[in-house]
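Reviewing the structure listed below.
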Amino acid sequence: MNSLGVGLVGTGFMGKCHALAYGSVKAVFGDVPDIRLEVLCDVPSDKADSFANQFGFARGTADWRDLVADPNVDIVCITTPNKVHKEMALAALAAGKHVHLEKPMALTLEDAKALLTVAEGSGARTIVGYNYLHNPAIGHARKLIADGAIGRVVHFRGMVDEDYQADPELAWTWRATKADAGLGTLGDLGCHLISLAAALVGPIESLVAETKTVHATRPVGEGSSERREVENEDIASALLTFENGVHGVVSTSRSAWGRKSYIGFEVHGTEGMITFDQERMNELRLYQNRGPLAEQGFKTLLSGPAHPPYGQFVPAAGHQLGFNDLKVIEVHELLRSIVEDRQAIPSFKDALHFEAVIHAIAKSGETGSRVQISTL
Amino acid sequence: MNSLGVGLVGTGFMGKCHALAYGSVKAVFGDVPDIRLEVLCDVPSDKADSFANQFGFARGTADWRDLVADPNVDIVCITTPNKVHKEMALAALAAGKHVHLEKPMALTLEDAKALLTVAEGSGARTIVGYNYLHNPAIGHARKLIADGAIGRVVHFRGMVDEDYQADPELAWTWRATKADAGLGTLGDLGCHLISLAAALVGPIESLVAETKTVHATRPVGEGSSERREVENEDIASALLTFENGVHGVVSTSRSAWGRKSYIGFEVHGTEGMITFDQERMNELRLYQNRGPLAEQGFKTLLSGPAHPPYGQFVPAAGHQLGFNDLKVIEVHELLRSIVEDRQAIPSFKDALHFEAVIHAIAKSGETGSRVQISTL
Amino acid sequence: MNSLGVGLVGTGFMGKCHALAYGSVKAVFGDVPDIRLEVLCDVPSDKADSFANQFGFARGTADWRDLVADPNVDIVCITTPNKVHKEMALAALAAGKHVHLEKPMALTLEDAKALLTVAEGSGARTIVGYNYLHNPAIGHARKLIADGAIGRVVHFRGMVDEDYQADPELAWTWRATKADAGLGTLGDLGCHLISLAAALVGPIESLVAETKTVHATRPVGEGSSERREVENEDIASALLTFENGVHGVVSTSRSAWGRKSYIGFEVHGTEGMITFDQERMNELRLYQNRGPLAEQGFKTLLSGPAHPPYGQFVPAAGHQLGFNDLKVIEVHELLRSIVEDRQAIPSFKDALHFEAVIHAIAKSGETGSRVQISTL
Amino acid sequence: MNSLGVGLVGTGFMGKCHALAYGSVKAVFGDVPDIRLEVLCDVPSDKADSFANQFGFARGTADWRDLVADPNVDIVCITTPNKVHKEMALAALAAGKHVHLEKPMALTLEDAKALLTVAEGSGARTIVGYNYLHNPAIGHARKLIADGAIGRVVHFRGMVDEDYQADPELAWTWRATKADAGLGTLGDLGCHLISLAAALVGPIESLVAETKTVHATRPVGEGSSERREVENEDIASALLTFENGVHGVVSTSRSAWGRKSYIGFEVHGTEGMITFDQERMNELRLYQNRGPLAEQGFKTLLSGPAHPPYGQFVPAAGHQLGFNDLKVIEVHELLRSIVEDRQAIPSFKDALHFEAVIHAIAKSGETGSRVQISTL
């Protein structure tokens, strides 16, 4: 395999992030095929052309089916609004492409399951954009846990918050609808936390949850006196039971003033604890019950080359990776999975579990009852 | 009222803390009657005498009923193991004394209710040792919320952790029994968090919870191969619904390595957020959605004379209060309630709510069902 | 020795702090003689009487010579404005009393030297109020260094800042004069940092410095248009050479907005680093170049019973000591030095070195030349 | 101008960083010409070819003069060891190229001056790799100061530390020689701090300094018993006087265990303070003496789109930029300076001041005397 062609649908937040990642992954890692940026899709077509020029794609198109059909395209990246993820992914799989899909896989768990079924019947490599999993600090946390650095895991706590829906007078948008957005904070943010919980502690078995729409209506436009209902949750919290019997607590809010990209967790073990916060994404804190009591304390591990693949970006510790670098690592994982003919992490299959959990939280929030997680 | 005599039962952690507080409250605040340290009770009697000498009490006794009966004693302070709180408090009330009781009021909610009933029928002033409520930083948080600094409260999260039961090989003690200790981490730590939650957001209406004994057995003695069952919970977590409709999440662990006195919370509002952590008890963090976006951020408010009664201890900001200072403020509150003939905060009545909540958490942890809080 | 009588001059910030410390030291530590609070001095006499009542002293007086002459007084505590420190201390020594003197010893180095000469010729025990030295975290830092935890010390940096003179329009006071206040920020704050530098690294041999009066004049009264000259420095910085050859950098400002009690330092060693900041006085940070690189990082040591004498105050780690607790430890040190008939730390002799350094900084700031430290 | 061709000399730490930056600058910013990655130079030639392939350059070469002479190359980027910076830059200028030079400009101040003279006589745009200047947080700090957010600046303090030479037994390399490396920590790290000091406070007029080689000799090879002299400084500290009369203190160490990329500073003003630390490069801390005292405190400003050009990378605040992103901003500045036909910041002229200061520190460290800064 000498090179791989990329078709990217979307030019927004995630679209640009993907474009940058595919544009630099070879330079950063070296051990991947050459990447050809072939087709960029957005509407209208002059927007697509303009961004194709800026991002370095060979051509733009306003027709995503044209992109999917292009024989030069080997990997289809989907960064469009959630509502169309499933349809595009199915088309890409049908065309024999590898699929790099932004989370969530679909608006409903049923659609996500259907998508997985098709993917598993194809020869395609798939990955879903749970990019925080690729932080070297998270990788090191996983290694520490696997190596027994904190003993047996006994408890997990996590929070994921932003404040983009904190203002009660912010105008109503499609994000407030079940039809177009599906879940609220759970779909935007909560699923990222679940991806970390599962990676660090293991699969989740059941949960009981509460959800809340703290801003029940919003003005139809900025400053309007007419208001429209918000259909999905602003805040959700859950008590988790992992398959290994460990308990956990998670909470997420899109209405948390001051939190810009807060994804914090604690993993409690029988011999220590690990904590992390994405707003300081280059720091992992580790406590171990070792050595003299007077010298025990939480140690701040500043990411560096000792935490792969940090060193691919900067050979000196403490210099800091950024958010966009996580996507480069994600792209690298997909490319290596193609080269090595193995599943990428997280594949559609992995992602289905994360999404099953957030849908279970939403369901328990409605019913008040415990919900078993099932991806069957 | 020229002076008040104090009888203190117990000389351990809280006993010493009370002795120091009663010994310095007049010097710190000025606006209270003279305090006479009259009787100190512990067993055996030479221990009582020795500590009476060290702590400056007029005499020691090994008989707490002797202390309660002493006509020179106006206030009975009870810092004994939880199991005997109720009996001693009832005796002190019967003898016409004011009662300063360490938390929890009793091992069971029924006993706590019974105690309250007696107290309300007496002319006594009562206070329970929920000392974290008296931190000037907490007082300022309450003031900020009351003044609308963060708008309407929409969410609460809190955690309270220590690591005194984190070591799986720590020997079994009476702390592990329902008969002697009652609840586990909920009684030791969880109740403090609930006191803060209620003070900041209001009374709690119902909850659903999970509890877990992560170390199911412990060696009967250090290094022993024989093990005995741990009967109460190491970890508890709950989803709260406050009476005002706000949702909350709380979690507590006595098995959290690295946490020494962690009591952290977040109060989310429609216009800002307040966060706090007792391990940095002189800092309150405040975010407000005001002014230019480029200058919005969490502000760290370092306690100072602008946060009463800090200035009674030190006239300069940032110099730091310590844990023992909180008990001085608590004692001041009791003394002022006596002088002003009003209820102290938190009185037995206030405390009963906090304890009703932790018992509800334990119950929900057992049954898996939602529990309504009732103190009737 | 069954008991010791205390005479305290001054009822302000430090006066109250001393009163609280002498009032509680026996209860906290146990291993000291009983303390009799005998005489409290302030002017006018009704103020003295009122505070004597509040602080628990047997009597008040407006005449400090009366206090010094009182045969019931064994220890004279001097917490008056700096200008009269020397005269009072000399009188107390002449009367055969032990002397607990707030820093600085005197306005000029010559006066401090004269005072030391008299003290050394007496049988008195002396201590100077460099209270930050008594923080358990500082004690632990000294122990770590002595034990080689960071190898050989190679560098020191420190800062001490407050903002009580940061406002350019704050009214002129006696603090601005050389005659009444002597040095500016160096005398108020800088000397504390030097006490830590010397304790951690050793005596200082020479230095070169810069000083600056950033607010050259101040209104004679609040809001006045008339302004008066500020005669002493707002900011001072120096490059130090310690006697052991280590270099250091120190800086101090009384005009540093936001700093309330900032005393921060770094001690760099060949195998690690220690850092500290008094605004988080219960935390010591330690880096050691040990173990796998991926697990190296700054560790936060939260003060606890493993850091004596923390456990005398609270038997559980992380609960936090406060500023006033440091004075209790200082008083304990003086009392133990009396009981054991040894020099207290820091005695007048130790303090003279600290004060020689700040006067040298002031002198180098004026002349621009290197100044050798000499206390001869 | 439709496109610009880049020739890059060096493939190490900074070489890769430049390659990534030129490869993504168009995608990130849009408003620059197309970038052609033309020639990559390293030795031997197969290494050059291999990296040319990885980094996306059209060809590799082992001959930097060949690169400089290539008519397709418009911009020559120099990321080689310091020793050859001057020679290469002169050749590039002679060939009519724009020059992107890693710091420092040259080993000696005389060479740097000579280089500036040639550059100023050319039509070339120049920029020197003082990349920390381009951090949006730093840009915001400059804006805040310019807008008077902290009043008039009265004091500056800064530190810059790493630990790459902290181990006393690390083998001797060319870095230890004056002939090949020139200055020690001043050239590697100190100059970055000076670039920030000058940007935030203004040009520096004079200084007095101390320098120290804490590890006087090093083993000639790992584990060797033969040792060789270290000729340049490990630690340097200086007292600065800025042209506007403000005083400052700076210190730098390459032997500071635990510091990985620490560049910290404080800017004290008459109405507030700004602090920063590169190890948390997305946070700026601001204190303002505004509003009620009880609500004053240091505010942490988490970088976001309100701090341009952060939004070019990520449209959501708090997501974090990384070290490599700073180089993209630097490249953008050079490209815009070419497009707009103006000086870039920092040009050779700006950089000469920074380097004059570090050479002055070294000189004062040798002579012990005050040194005036001059770039004439």
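To keep things simple, chains are lettered A, B, C and D as they appear, and every chain counts its residues starting from 1.
In the analysis below, a residue touches a chain if its C-beta (ideal position, glycine included) is under 8 Å from a C-beta of that chain, and two chains touch if they have at least 3 such contacts.
Computed from a predicted structure; not experimentally measured.
Taking the mean Cα position of each chain as its centre, B sits at the greatest distance from chain D.
Of the two chain pairs shown, A-C and A-D, the one joined by more C-beta contacts is A-D. Between the Cα centres of chain A and chain C there is a gap of 53 Å. As a whole-number value, the distance joining the C-alpha centres of chain C and chain D reads 41 Å. Here the spacing of chain A and chain D, counted between their Cα centres, is 34 Å. Under the contact definition stated at the top, the residues of chain A that touch 2 or more other chains are 259, 296-298, 302, 304. Remark: chain B residues 140, 144, 149, 286, 292-302, 304, 306-307 touch chain D in the complex.
Remark: chain A residues 150-151, 154-155, 157, 159, 163, 166-168, 208-210, 212, 214-215, 234-235, 237-239, 241, 247, 249, 251, 253, 255-259, 266, 268-273, 287-289, 296-298, 368, 370 touch chain B in the complex.
Those residues of chain C lying in contact with chain B across their complex are 12-13, 16-17, 19-20, 23-24, 26-28, 30, 54-56, 162, 164, 259-262, 278-282, 302, 304, 313-325.
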